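In what comes next, subunit A is part of two complexes: it sits with subunit B in the first one and with subunit C in the second one.
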Partner chain A sequence: MTTKMAINAKDIFRNQHRLIRFIEQSIRLCSNQSLKTAQQQQQKASTPDFEITASVNTQYTHAPEPIKHDKDLGHMFKASQMAVRLATPQQLQPKPDNDEELGFGKLFTDHMLKIYYHKSLGGWQKPEITPLENLVMHPAAKVLHYAVELFEGMKAYRGVDGKIRIFRPDMNMNRMNLAAQRSGLPTFEGKEFVQCLSRLLSIDSEWVPHTEAASLYIRPTLIGIDPTLGVASSDSALLYSILSPVGSYFKTGSNGAVSLLADPSYTRAWPGGVGNRKMGSNYAPTINVQKEAAARGLQQVLWLYGEDHQLTEVGTMNIFMFYVNDQGEQELITPPLNGLILPGITRDSILAMTRQWGKFKVREATFTMPMVSELLNQGRLLELFGTGTACVVSPINRINYLGQDLYIPTMEQEKPVHELIRETLTDIQYGKVDHPWSVVID
Partner chain B sequence: MSLLLRRNSSQLRLLQRLGAATTAEVRRFVSRDSDNDSNNVTAAQSSTTTANTAGTTAGNKLQSTKRLNNLSAVADTDIKKSVFISQSHDIFTNLALEDWLYKNFDFGNHHVLLLWANDPCVVIGRHQNPFTEANVSRLMERGITLARRNSGGGAVYHDRGNLNCTFFTPRERYNRKYNLNIVTRALFREWAIKSEINERDDIVIKNKKISGTAAKLGRPNAYHHCTILASANKLHLGESLVKEPANYISRATASVPSPIRNLVDVNRNVNVPQLLSAVGYEYLRTAAMALEDGGSTQLMKQRGFQLVNPTERWFPGIEELRASYSSWDWVIGKTPKFSVEKELELKGDNSGMKLKLSVDVEAGLMSKIAIQLPQSDQMVPVVTPLQGKAYNEQNLNGIIDALKMVSTSNVQQAMNGSI
Partner chain C sequence: MTTKMAINAKDIFRNQHRLIRFIEQSIRLCSNQSLKTAQQQQQKASTPDFEITASVNTQYTHAPEPIKHDKDLGHMFKASQMAVRLATPQQLQPKPDNDEELGFGKLFTDHMLKIYYHKSLGGWQKPEITPLENLVMHPAAKVLHYAVELFEGMKAYRGVDGKIRIFRPDMNMNRMNLAAQRSGLPTFEGKEFVQCLSRLLSIDSEWVPHTEAASLYIRPTLIGIDPTLGVASSDSALLYSILSPVGSYFKTGSNGAVSLLADPSYTRAWPGGVGNRKMGSNYAPTINVQKEAAARGLQQVLWLYGEDHQLTEVGTMNIFMFYVNDQGEQELITPPLNGLILPGITRDSILAMTRQWGKFKVREATFTMPMVSELLNQGRLLELFGTGTACVVSPINRINYLGQDLYIPTMEQEKPVHELIRETLTDIQYGKVDHPWSVVID
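The block that comes next holds the complex of A and B.
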C-alpha cells in the first residue's frame, strides 16, 4: 500500500461517521424525494408545537439584583431634566439608498445622548441630547491610557404596528452598572437612562425604515475622562449613546452557518478577570486572533479555556449545544455564569423560554472539545450555535480544532431548535406578539 | 415571519379572512380615503391604552366616535412635531412620498411638516385638464415633467426656487389657517417680510401671490399643502403655463390665473435653504393646536428635523405609488372628457372658407375626430389612424396640417356630394 493510499484511507477512517451520515442523507433524499416535500408541507400547515405565551413564568428568569450605589456618588440624573439641542437642517446626514452601503456600525444617526459625571460638581449632571459631534478630551484622559471603558449593545425594533420597541433594556442597564463598579466608574439609575434613550430614539426614529423587519443598533458607552495618569477611580466620566442603522432583514448570505477556529493557545477570559463584563479591554486583544482565523478561511474564533479545552464563547456571542445526552433525551446546554462568560441577554432569554417550553432538558454546565468530538462521533451532536443581539442565533457548521475539521450537523436537522428560537425571539422583538420583554417607546 | 415586507390594507384583509390573527396579534396602522367600508382595519391595537387607540372590527361608526373621543383626549402638550425634508427632487417620488405618509403614518400624537422641492415641472390638480393649463407637447420637448397631484385646485409650475410644504394631521385637527399663519410668521421672523392671507387661502404680498394652497381630507388622515415662491424662474413659469391656442370645451377645474411674485423680489436675501429652516423652526416652536409661540422651550420638546429618503428600502410600497403617479393612465388618462375645436382656413381660391375641426377626447384618447363643413351644421367624421390614439397638441397639429392640404375644390365636391 503506497503512502498516498494510506493517507486517503486514514482520512476516510477518521471521517467515517460524517461519510456514513452523508451517504444516508443522499439515499434518503433520492428515495424519499416526494415524501420529504410532503412532510415539509405538512410541517408548515400543522400548528407549532409550542405556544408563544404572552407572559414569562418568573421562576425561569431572575430579575437582576438592584445595584448598590457608592455612598459618595453624589447627585443622580433624571430624564425629566434633559436639555435638547436639535440638529439644524444643515447638520443632518442624508440617508443611504440601499443596504449595501450600510454594513454594521459604519453609519450613525443625527443625534446623540450625553451625560457628564463630575464628582467636584456634585455628581451626575443634566442629560443632554445634541447633534452627533466629536468628543473633546484631555490627552491624559483615563480612557485613553487604561481602557477605563465599558459599553452595551441593544437594538430598537420597528414593530408590525409601526411602533418602536426595545428588548429587556433593564437587563442591559444592570449589566452596565456592574461593569462600572468593576472599573471605578460611577453607577447610575438604569430606568432614567432608558427614558433618556427613548427620547433619543423618538427624535431619530426616521432612521428606522418602515419595513417590518428593521432595527436600530443602540450603543451606550461609559468612559472615564479624568485628566490624570494615576490608575485610580475616575472622578469625571461621560455616559453617552449613539445609534446606528443596521441592515433591515436577513439576506440569504448572512443566514448561513459560520466556521470557527478553535485554538487553545488563545484565552479570552480567566477566573478572577473581567470576562463576564462588557468592557472594551476584553475586545482589543481578540482582533489579531480574528485576523488569523480569517487568514485560515474561518469566520469566527471559538474561545477555549483550560486544560480540558472548555468551550466558552464564539466570537462575541454566547454558545449553545443541542444534543442527545447519556439518558437518551434531547438536551440544550450552555456554559454557566462562572466568571468567564458574558451574561448575554439573548442567552438569558433563551434559557427562560426553553425552560418554560419544557420540551427538552435545559442545563447550564461546562462542556469541552473532547466531549464535542465524542458526541459527534456517536452521532449524538445535533446543533451548535452562537447567540447575541446582532443576529439572535448564528448556527455553526465547522470547527477547525488542532488541525482537524469537525463538521457539525447544525444545518442538517429537520426541525432545528435554533430556527425555532430565532423565530420566537424575533416575533417578540418586532411586536408580533405582545410580551412584557418588548418595551414600547414612542 | 412572513415574507411580506409591508401589509397594505388588502393584504391585511386577506390575513383576517385566513384567520391568521391570534388574540394578541398587533395590526398594522392603515389609513383610508373617506369611505366607510365596514371591513376595514382602521386602527392599531396595543396593550397599553394610549390616546389614539380604538377598537378593531366593532363597526365603523362606533370606531369613529371612539376615535374622536380618544383624539380630543390628547392634550396639546402630548403632540410632538417633526419636520421631514425629502432627499428627492423628483416630482413623482415626492408625490408618492406624500401619498405614502397620508396612507400609512399615524399622526395621532405626531404632526409632521414635509418640505420638498422639485426639478422643473408643471403640476395640475386632480380634476384638471392638462391641455387647458399648458402645452403638453412643448413641455415634453423642453424636458419639463408634467404631473397630476392627488389634491384639487389649479396648475402650478415648480422648480428648485419653489418650496413645497405639506402639513399632515389627523382629519379632526385639520387647520388651514394655522398652517398658512406658520408660513407668514416665518417670513416675518426671518426677513421682516409682511404678507397676508386672502379669502382664497393664497398668501399674497401687496396683491401678488407668493403661495397657493390645496388639500386632501380623508380618514383618518388629512393633509394641506402649499407652495412658496422663493426664487422660481418666472420666465419659464410664464412660458410653461400657456396652452395651445384652440377652443377647449371642458368641465374640468380651471385654474384661476393670478399675478405672482418671488420672495426674492421683495427681499434679496431670501433663499430656499434658509426658507426651509425658517418655516421648519416656526412650525416646531409653535404649539400644536393653538397658534401660540412657545420659543425654545417648546422647540426642545419636539422631534426636530429629519431627512427622509423616499426609496423602497425606507418606505416599502413607495415604488408602486411612484409608478402610478408617473403612469400615462394617471397623468393624462385621468383627464375628464373634453373636446377641442379649431377653425381652419383652407387654401384655395375662395379665401374665407373655414373648416371647423372637432376632436372629442375621453380618458386622454381621441374618441371622435370630426369636421364641420362650411355652411353646414353637420359634423362629418374623419377616418384616420389617429383615432383612439392619445391626444396631444402635436397630434392635433398633425391633423390640422393634413386637413390644410385639402383644397377648397375638394371641399366643394364633398359638400355637393353630401347634399
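The block that comes next holds the complex of A and C.
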C-alpha cells in the first residue's frame, strides 16, 4: 500500500482517502488490544441465557447432496491456476466515508473475480482477478433473453480480532451448483471457487468495513453468454463475483421492524417450479408487487401460497414464527423445504442452533394466514420475523392482509427470541465466539 | 453498395459474397415479372376451400388495452430523432450461402437498434442504429442478477412482390409494454419503436431471405441495466433489437411433426405469476425440462397445469386441438387467456381467421390430458398443433404422458386444418394475399 501511495502528487491527491483510512487503521491497530479486552468483558456480561458453543453440530439439517457434474462438462478450474491483474493506483476507488450509511449494493470494491466456461475450449478456463470492469457481451447472449442466470449472497465480516470471516460458504456453493443444474449452466467445484473468492477478499480486504454495523457483501454470479437465440443450455458461461460494502439492515425502519403486504393474488413460487433455486427468474416477477407494497406504505411483500394462504417467504427472506402452540408450549416454526421455499443458510443455521438450545420447540411446518389471525386473537402469537444473509433477522410488526391490518407484537416481547438469534449469529459471524461455521480468510 | 465495393482489392475479396448476392439479385429482378405471373397463376389454382379476404376484422379477439405510462417516466423517444452509424465495409458480414439451412438465431445482420433510458437524464434517449456490436455493462447490472428483461419475437418476410412485410407489429408492441410494466421497466410508444425497427430493416434489407422457406427474425429486447443490487425497478434500461435470418421450422422432424413430453411434475406458469408476459424469467426454468425431453428422445415439452392436467403450452408455443365435440361437430379449441398462457399473436390471428371462415366451431376453453386420451380412444381427436411466430404451426404426432405414448393422428388427415391455417397465414405474411395484418416496410 505504501508503494502505491508514493508515486506522485497527483496520486497522493487521488488516494488521500486511502491515506486517511491508513491513518485511521493505524490508530485502530494501536488501540486494538485495549478494545479487545473491553469487548471480551462486555461479552461476558451479555452472555445469553441459551448457551452457544463451538460444539454445534455442523451436520446441516438438510445435508446438501454431492453435485453430480454433467458427463460432458469438460475440465474444471483450480484456484491454483489463478491469474491476478491488479488495479493501477489510478483505478482505485475511494472507500466510503461512513460505513453505516452504505445502503445495499450501490458501491463496489476495486477488483472482481472472473472464470469463463467454454465447452468448445474444453470446459472451465483459468480463474482471473481483474480490476472491477464492465462486462462485454454479445447482444444475443442467453442471459439477456432467457434469464439464464443465478447468484448467491454471502458476506465477509471483520471480526473483533481484526480477522476476516465468511459464513458457511460450502452451503452457498452447493446451492449455486443446484441452481446451475436447474438452469442448463455448467457446475463447478465449490471448494475451488471459495478459494478464488478468498483470494479476491484478501486483495480487497481493506474494503471489509471496520465496524459491526456493516460488512462486505459477496455476490457470486453465473450467467449464460452463448450468443444464440435458442432456448437451450448455454455452452459458454461466465462465473464471476463482485464485492460491495453494505450497511446494516437494522438501521432502517422506525423501530427496526417491517410492515408487509400479504396479497393472495400474487404468487412467488409453485410446485413444479424453481422457487427453491436461487435463479434470477425468481426475482423479476416480484419487483412490481414490491412497488405495489411501497405504494401502499408497506415495506415488504409477504408471499402466500394456495387457497389456505400459506406463508412462504417475506421479501427475499425466509419466515419464522414464535408462538404458543396448542399444547401451551413455546414453539418456533418455519415452513418446510417443500420446493416453494429457498433453502436459506440463515434459516438452516437458526434451526440447528435453536434445536441445540433445547429451550423451546422447533418445527418445520406449513402455517397459514387464518392461523396467524387466530393466534393473534388469542394472544398466542409472540414474534414473526424474516431471516436472510442481508438482514440476518428482520422483525415484522404489521401485515396488511385482505385489506385489514394485523398488528404483530414482535417488538413488544421482553426477551425477544429474534434478538437472541441475531446476537448469537452475529457473535459467530464477527468472531466474538469461535465457531466452525465461521471460516477465517487468510 | 457499389461505392462500398469499389475501395480496394482486399475489400472486393472480403465482399465477394455480397457481389455474388448482387448478381443473383439482378438475375432475380430480371426474372421477377415472369415469376410473379407464374405465382399468381399457381395461387389461383391452390385457392383454399375457405375464403380469406382482406375484410378480416382487424379488431383483435382480445383487444389490447392502451398502455398507461408511469407518471414519472420522463420524455419518450421519437423515431424522427434517430442517429445512424453505418457499418464500415470491413465490418459487413457475409450473408449465408443457403437460406434453407439457417437454423434459429445463430447468425445476425450487420446492424442493430439501441435506445437507452436513463431516469437521471430525463427519460428515453435518442434512438440509434449502429453496427452490430457487443454490449458493455456493469457486472452489477440488474438484468444479470434478477432477470429484469423481456423480449419479443417478430419476423420480416420478403413477399412474392419483393416487398418486405412485418405481421401485426402493434400486437408485439402492446405485449412488450405490458411485460415492461410487470418488470419495473420503462414503457414506450410502440408506434415509434416500430418506425425505428422499420428503419433498421431498410438498412439491413438485403438480409431478408429471398425465399419462402426463410425469413428475418426480429428480436426486440428490453433489459434493466442499473448497476445496483437492490431487487427494485431499474432507473436505467436499454431497449434494443437485433435481426437474425432464420430457416423454416417445417424442414425439421421426419414428417414435420413433433413428439412431446407431458410430465405433470413440471409447471411453466401458475395463477398470480407472469406466464402471460413475455419475460425472460419464464424461459430459464424450462431449459432443463427441455433437456430431459430430449434425453427421452422427445422434441418438445407439453406444459400441463393443475391436478386435472390441463394443456397450457407446448415448448414456447400456444396449443390448438381440432376434434369432434360432444354434439358431433368439428371444433377448434385452444386454452383461454387465463393468466397461464402467453397471448400469442399467431394464436389470436388463427382464432380471428377461423371464426370468420365459419366452417367449424371455434372455442377458447380449457382441455385436459384425460380428455385428450378419451377423444383418442373414441377416434374423435383429429389434430393437435402448436402455434407461434417462429414456426407458424407445428403439428404434434405423439405425446409421452405418464410413461405412455399417445399417438395423435395430426398428420393422417386428408385435408388437415393446421395445413390450411399455415398456408393462409403464410400467404398473408409473404404478400400473396393483400391483408391489413401485413405491414409493408418502405
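The rule we apply is simple: the second predicted complex is superposed on the first by the 374 of 442 C-alpha atoms of A that agree within 3 Å, B and C clash if a C-alpha of one lies under 4 Å from a C-alpha of the other, contacts with A are read in each partner's own complex, and residues count from 1 in each chain.
The rule we apply is simple: contacts are C-beta pairs under 8 Å (C-beta built on N, C-alpha and C of every residue); 3 or more make two chains touch, one makes a residue touch a chain.
Nothing here was measured: the structure is a model prediction, and the numbers come from that model.
S.K.: Of the two partner chains, subunit B (first) and subunit C (second), which one does A:132 touch, if any: first, second, both, or neither?
M.R.: second
S.K.: Using the superposition on chain A described above, determine whether A:433 touches subunit B (first), subunit C (second), both, or neither.
M.R.: A:433 sits against subunit B, while subunit C stays out of touch.
S.K.: Who does A:88 touch here: subunit B (first), subunit C (second), both, or neither?
M.R.: A:88 sits against subunit B, while subunit C stays out of touch.
S.K.: Considering only touches as defined above, state whether A:98 meets subunit B (first), subunit C (second), both or neither.
M.R.: first
S.K.: Determine, under the contact definition given at the top, whether A:274 touches first (subunit B), second (subunit C), both, or neither.
M.R.: second
S.K.: For A:149, is the partner it touches subunit B (first), subunit C (second), both, or none of the two (neither)?
M.R.: Touch status of A:149: second partner only.
S.K.: Have a look at where A:203 lands relative to subunit B and subunit C in the superposition and call it first, second, both or neither.
M.R.: The answer is first: A:203 touches subunit B but not subunit C.
S.K.: More residues of subunit A are touched by which partner: subunit B or subunit C?
M.R.: So, of the two partners, C touches more residues of subunit A.
S.K.: Take the contacts of subunit A with subunit B and those with subunit C, and give the residues found in both.
M.R.: Common interface on subunit A, subunit B vs subunit C: nothing in common.
S.K.: For subunit B, which residues are in contact with subunit A within the complex?
M.R.: Subunit B reaches subunit A through residues 1, 4-7, 22, 24-29, 44-48, 80, 82-85, 87, 104-106, 273, 276-277, 280, 284, 299-309, 311, 313-316.
S.K.: Mind pulling up the subunit A residues that touch subunit B in the complex?
M.R.: 54, 83-90, 92-99, 110-111, 159-163, 202-207, 209-213, 248-249, 423, 426-427, 430-434, 440
S.K.: In the complex of these two chains, what residues of subunit C are touching subunit A?
M.R.: Subunit C residues touching subunit A: 104-106, 108, 112, 132-141, 143-149, 151, 181-184, 217, 219, 221, 223, 228-233, 240, 242, 244, 264-267, 270-274, 279-288, 290-291, 316.
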